[in-house]
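In this document, chain identifiers A, B, C and D correspond to the written order of the chains, with residue numbering beginning at 1 in each.
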Amino acid sequence: MILILVTGGTFDKEYHELSGTLAFKETHVPEMLRRGRCRADVSVRTLMMIDSLEMSGADRAAIVAECRRAEETRILITHGTDTMVETAVALGRVFDHTQDKTIVLTGAMVPYAFGSSDGLFNLGSALSFVQVLPAGVYVAMNGRYFTWDRVQKNRETGIFEPA
Amino acid sequence: MILILVTGGTFDKEYHELSGTLAFKETHVPEMLRRGRCRADVSVRTLMMIDSLEMSGADRAAIVAECRRAEETRILITHGTDTMVETAVALGRVFDHTQDKTIVLTGAMVPYAFGSSDGLFNLGSALSFVQVLPAGVYVAMNGRYFTWDRVQKNRETGIFEPA
Amino acid sequence: MILILVTGGTFDKEYHELSGTLAFKETHVPEMLRRGRCRADVSVRTLMMIDSLEMSGADRAAIVAECRRAEETRILITHGTDTMVETAVALGRVFDHTQDKTIVLTGAMVPYAFGSSDGLFNLGSALSFVQVLPAGVYVAMNGRYFTWDRVQKNRETGIFEPA
Amino acid sequence: MILILVTGGTFDKEYHELSGTLAFKETHVPEMLRRGRCRADVSVRTLMMIDSLEMSGADRAAIVAECRRAEETRILITHGTDTMVETAVALGRVFDHTQDKTIVLTGAMVPYAFGSSDGLFNLGSALSFVQVLPAGVYVAMNGRYFTWDRVQKNRETGIFEPA
C-alpha cells in the first residue's frame, strides 16, 4: 500500500477564469491516476493545498508528522518545486534507512491542467521509484531520482540536479 | 545510459486525417521525454513501427538480438500491449539475472496523440523502473511492474495483472 | 433557436481502447458547447452516429425529413466530411431561399477527442454562420462557407474548396 | 482578405515555468488557424501583447488608428475580455455602417495553452461572423455576437450579454 500525500504545488494549480489567476481547487491526483490506468494500491490524502514558496516551518513539521503517523511504508508526496528540496531535507533528517520508510517527493514545472504539463510523467515516475527504492527520502524529477541530501533545483533552468 | 527501443504499438499511433485511419508516422518518444523534462541519460532507437498483433517471430528475434547487441545494460522497450507478454517471454528466456541487463517493456492503451492517453504516465513509470530494478525482464503497466513469467493482459479489462 | 442535428462523422469518433479501433459512443457536441461557453440558444438532437462513408440514401432522406419537420429555422448538422457535399446537395434541392431555413453542415478532419482536432474551431465557425447567413444550404469548413452547389472536398488535401 | 489584429489578452497567455506566472510570449493565433485548417484569406498582425486591464487610452487610440489605416474591410481583433467592451465602444464611435468596415472583437476566458480553453471555438466563431456581418463593430463571445453599444461582460459569470 502506497500513501500519496498531496501538498499542492504547480502540479495542482488551475486557471481561475473569473479572476484570471492561477489558484488551487481540488487535487488532480485521482484523475491522473485514472488516466494512467493505475492499479497500484494507493491511497490519496490531501494534507494542504499551497504554493511551496508559502510553505512554513509548521507546514513542513505537519508533513513530517503525517509521514511518521502513516501506517504505509511507501509514501509519495506531491509538492511545489521551489522548496521541494527543503522539505526533503526536513524529512531526510528524520527518516533514514533505519526507519523502514521510502518517501519520494515529486512535482511539476507546468500545471497538470495545461496541455504541456510534465505532471503525468512525473507522477508515473515517482510512483514507480517509491515502489522499488530502499528506505530513505528522495526527490524524483526529470525522470531521475536523487537522495534528499544530494539534490538542488537549478533556478536558471528549472532542472533538478546533483548537489 | 538507458537505451529506449521503439517497436511501435498504440503508443505511437496517429490519426491519419485523409484516410481516417490510425497509422504510424514517427515515434512520439523524444517529444514525450521533452515534455517530461527528462534528464535521464537516454538514447532512443526505432527498431520497427508496427502493431504488436502483427509482430512475427522474426520481429521478436530482432528485438532479442538488438538487446543482446546493445552496450547499454538498462533497456526500455515501447511495445503494443496485445502481445507485449509474448515478447517479454521471448526476452525472459534469454536475459535472466545472470545476464546483467534490466529490460522493461511498456506501452499504452490509448495513443499519445489522444488527449486522454496513459502513455506519458507509462513512460515515466517504465523509465524509473528500468533505472532501479535488478537484472531481468519486466513489464511495466498500470503503475506496476511484473516479471516476464508472471504477467498477463486481461482482455476484458485491458489491465495487466499477475499470472 | 438553433437546432444542432448530430449524424456522427470523424467529429465524434473515439478511441476504443480494448479493440484499438475508432468507434462512436456519445456525441461530444454538448461538451464542446460547454467548453466554448456557448450561450447561443441551441438544442442538440442525435439523429444517427455513423461514418459518412456508410451513409445511405435512406439516411440522407431521414436528414432531409428531420430538417423539414424541425420548427427551428436555423439548423447546424454535424457530418462526416467524406460525403458531406452529397448530403448538402440532397438538402439543397429541397431547401432553397424560399424555404426560410438556414442549414449549415460542418464536420472535422480529426476527432474531437484528439488533442489536435479542428472540431472546436469548426463548431464555433458553423454555429456563427448559421446565425447570420440567409436561408439556404451551406457547408462550413476551413473557416469558410460555401453554398451547397458550389463546393467539393479535395481528396488529396482534405480541404473544402469552390467547385 | 481579413486582417487579424492581435492585442494580447487571456487568449495568448502562457505559463512561464521558471517564474510560475502567466505571461505573454508569441501569439498563438497562427497555430490556432493551422489547427482549424483555416483557408480563409487572413493576415495576422501583432499590435501589442498586453493584459486588457492594462490597456491605456493611448493603446485604444492605436487600435483605432490601425483599423483606420488597414486596407482590409474585415478586421478581427483578439483582445482581453476585461475591457473588450471599452475598446468596442472606442471603435464603434468611429466605425459606423457608413464606414464600410466590419470589425469583430473576440477573446478567451481560458488561455489557449490550457487544455480546456474556449479560444479555438471563439476564433472560429469570430472569423465567421467577420465574414458575413454588415459594416459595424461587434463583440463575438459565447457563440453569439453583439453590437458594440449593446453588450456588457457579466463580472459574476464571465459571460457576455446584452446591455
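What we mean here is this: a residue touches a chain if its C-beta (ideal position, glycine included) is under 8 Å from a C-beta of that chain, and two chains touch if they have at least 3 such contacts.
The structure displayed is predicted, hence computed values, not measured ones.
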Using the contact definition stated above, find the chains touching both chain A and chain C.
B, D
In whole angstrom, what separates the CA-based centres of chain C and chain D?
26
Measuring from the mean C-alpha position of chain B to the mean C-alpha position of chain C, what distance in angstrom results?
39
Mean-CA-position distance for chain D and chain B (Å):
45
Multi-chain contacts in chain D: which residues touch at least two other chains?
109, 115-116, 158
What chain-chain pairs meet the touch criterion?
A-B, A-D, B-C, C-D
Under the definition above, what is the set of chain A residues touching chain D in their complex?
10, 15, 17-18, 20-22, 51, 82, 109-111, 113-116, 155-156, 158
Can you list the residues on chain A that touch chain B in the complex?
32-33, 35-40, 42, 109, 116-118, 120-129, 131-133, 140-145, 158-161
